[in-house]
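Both of the next two complexes hold chain A, though its partner changes from chain B to chain C.
Showing the complex of A and B:
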């Protein structure tokens, strides 16, 4: 075997081996430690299977994810719409500038008491808070993306008499799309965080509620199973968005590759 | 003549910048005064600012602000002490990077707030919980940024260093590290706002002392004007910290191409 190939195999083995070793280490340590706060990993896993597969999926996971999807969806649509308007008009950008700067600087959880005061503790409040918080990264990235459109393309469009919605659809949005996706990635992790906090502060169902309630009743293994579930959800949501981005932006990567050739 | 024109244009821009803020404030005030928005939920803007100025004279306000900032600075500081060396260690070796890549990619997307119950359990409701959550959340952006920075080195610079027979250690300190500084600076700015978010979250959810707890207390006590005043304060703190880091970045990195055109 040539050395380069041996090295590649070694690297792959390392990449798979280290996570397995970490898991095995946790397993052995937690079984031996018999700690109250850190139950044995096998216990957590059986509790995970008992709790989440699939008994609580309908009552807790689906409502949580539905609120997340609604808030995130509203934020993306509103963020792209407002961001496009601000990106195209320097005057609008200056007028809205300080408001946007302030809005994105407010730490998101500080909006929860505001939402609870105005909208109560129902779904509307949670969706509203998720949407407001997720709005800023999408909006700011859209503004940057729209401002970064190649001026030659815009001039060409003008020469050919392409304007209005057609110009947005064919030139502005496609070239801003990579930036929009960057904003969506940031927003998605914020959405997950706000989903959990809003359920911890004001809810009677949802994953966040379940985790905090388990801790309060000292059901430690249940609490850990919820934490594991949130970790898995975070990973899967990120992976799903990355996959979508890869599909949607395939032309963009191809264009980049040809530019580099 | 040209000068006067320029000042007038500058003035126009300045007016545009603040016209938006003024319009929103005036509209909110009118909507509340006329009863278009229920006053119980949306007090007039003037009352919010009255409450804000009244709070500025109270010791509890400054104590709470200090406690929030304490959580922020400890969280960000500890995260930086852990994440930057870890990123440097992983970024300087392909073997180490590949060994830990999967672990990082799995731990990073865990929403930090999922650890709230664990923090309460292990550290109680005080400062430690707040700092633990802030450190966990602020660690990842810094680690990732440092890693990227160490890997994104100009290959020509490295080859040049090799041609001049710099040793590996010299190449790292003279070429790789300076190249990574802008990335670390960006990481610090991101992590700073993340640490502030988690500090406020801990105060709100766990009840650690600080501005977040005061906001919730204002809501429970029905003091809507104070609630808005405190939200405005947290926004101003967030904005202030962000501008501070952006300004520091420009000063420290004035030599770097990314900053040269910015001014």
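Showing the complex of A and C:
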């Protein structure tokens, strides 16, 4: 076996082994600790299976994820639309600059009281808060991406009479897509955070609500099972987005690699 | 067919004014292959961009068949020096070439025919479904040429298209351009800083001066057709012509104070 191959196998073993070792350590320690705040890991896992597989999926997980998806989706569409307009027009950029800087500087949870006041404590308020927080990374990255389109490509479009929507769809958007994805990755993490916070502040269902309610009723194992679920969901959502990015931006990685060759 | 008339281009304002082109005039006849050669930094690219309607002139004009060029005319194809930045890496060779054809009112079959013919004429038939980044630099420039040909331009503007490929590839591409120019019956304006290339390819060579750039001399090249990389370059006339162009550029440089 050559050294490079051996090194790769070692790294993969470590990648899988370290989390398993941490898990095993937690298991052993928590079983022995007999702590009120840190229930034994087997207890948490049993509770997890009892609670989430699949009893509360329809009542808590689905509403949570639906709000996350709606807020994130609205933010991506609006962020790309507004970001494209600002990216294409220096005047619009100048005019909107202070507003954008202010908007993204407002800490998103500060919008919760306003959202509750105007939209009540229902889904609309939560989707609104998630959408607002997700908007900025997508918007700012889209502006950068659209501004960064290679001038030679734009000249090519002009010479060959490619204009309007055709120019956006075939040249500007594909070229900006790597940056749009970078914004989406940031936004997705923020979306999960705001999903939980909005459910803790004002809700009667959802995973965030469940975690807080469990804590208030001293159901510590249930609380932990909710935290574990949120971690797993965040991990899976990020992995799904990364997979999508790998497929959609295959040309981008390959072109970078060939430029370095 | 194409007329450059008193073309001037000035960059900047006031104290920092740079005159890139000054009262530059020449004409290109139907079906002609005109090479524009000049010292580096003499505004060759600026001239070609004005001719393509990508850059508005400060004064003077470019006319195509009697119409003043105000924006990129439909009859013009353009091959950029930076092939890797003018091809779209997210599109295959086929889609890159088809991209400019989408808004021409053509049937699907007609469009496919144009694309496949152009790919065949630049010798890339087996690579039609590859992506640009899977191809070498010379092959990428072939794709850019095929894209221009499929567009069926009446006039093809080429901006130092072979400046960044190796010598052997360059010779192949030069012969390719001579061949497709005949096949497609297209008028060509070819900008280069390479004197040999200009004399080898052109029916006429327009020699430019240092900035502020104007036309130093227009030279008819009466070398026998078809041109051949070995035989043509062996001819005493070829050596004579390239020496003549070289001296013309050199002489003007010596007249200027050293910078």
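The criterion applied here is as follows: the second predicted complex is superposed on the first by the 249 of 261 C-alpha atoms of A that agree within 3 Å, B and C clash if a C-alpha of one lies under 4 Å from a C-alpha of the other, contacts with A are read in each partner's own complex, and residues count from 1 in each chain.
As a convention for this text, a residue touches a chain if its C-beta (ideal position, glycine included) is under 8 Å from a C-beta of that chain, and two chains touch if they have at least 3 such contacts.
Because the structure is predicted, anything quoted here is derived from the model rather than measured.
Chemist: Could you check whether chain B and chain C clash or fit when both are placed on chain A?
Modeler: By the criteria stated at the top, chain C and chain B fit after superposition, with no clash.
Chemist: Looking at the overlay, what does A:221 touch: chain B (first), chain C (second), both, or neither?
Modeler: The answer is neither, since A:221 touches no partner chain.
Chemist: Specify the partner with more touching residues on chain A, choosing between chain B and chain C.
Modeler: In the superposed model, B touches more residues of chain A.
Chemist: Based on the superposed arrangement, let me know which partner A:131 touches: chain B (first), chain C (second), both, or neither?
Modeler: neither
Chemist: Please compute the chain B to chain A to chain C angle from C-alpha centroids in the superposed arrangement, rounded to the nearest 10 degrees.
Modeler: The vertex angle at chain A equals 90 degrees.
Chemist: For A:251, using the defined touch cut-off, is the partner it touches chain B, chain C, both, or neither? Pick first, second, both or neither.
Modeler: A:251 contacts chain C only, not chain B.
Chemist: Report for A:158: first if it touches chain B alone, second if chain C alone, otherwise both or neither.
Modeler: Once the two structures are laid over each other on A, A:158 reaches chain C alone.
Chemist: For A:176 in the superposed arrangement: first (chain B), second (chain C), both or neither?
Modeler: In the superposition, A:176 contacts neither chain B nor chain C.
Chemist: For A:75, decide between first (touching chain B), second (touching chain C), both and neither.
Modeler: neither
Chemist: If you've got the overlay open, could you tell me the nearest Cα approach between chain B and chain C in whole angstrom?
Modeler: Scanning every C-alpha pair, the shortest chain B to chain C distance is 7 Å.
Chemist: So which bits of chain A does chain B touch that chain C touches too?
Modeler: Common to the two interfaces on chain A: nothing.
Chemist: Show which residues of chain C lie in contact with chain A when the two form their complex.
Modeler: Those residues of chain C that touch chain A are 49, 52, 54, 71-72, 74, 76-78, 80, 82, 84-86, 88-91, 99-100, 102-103, 131-134, 147, 151.
Chemist: Report the residues of chain B in contact with chain A in the complex, numbered from low to high.
Modeler: The touching residues are 13, 16-21, 24, 41-42, 94-95, 98-103, 106-107, 109-118, 120-122, 193, 196-197, 199-201, 204-205, 211-212, 215-216, 218-219, 224, 227-228, 230-231, 234-236, 238-239, 242.
Chemist: For the complex, give me every residue of chain A touching chain C.
Modeler: Listed in rising order, the residues of chain A that touch chain C are 150, 152-153, 155-156, 158-162, 166, 170-171, 174-175, 177, 251-252, 254-255, 257-259.
Chemist: Where on chain A does chain B make contact in their complex?
Modeler: 10-11, 14-19, 22, 37, 91, 94-99, 101-103, 105-114, 116-118, 189, 192-193, 196-197, 200-201, 208, 211-212, 214-215, 220, 223, 226-227, 230-231, 234-235, 237-238
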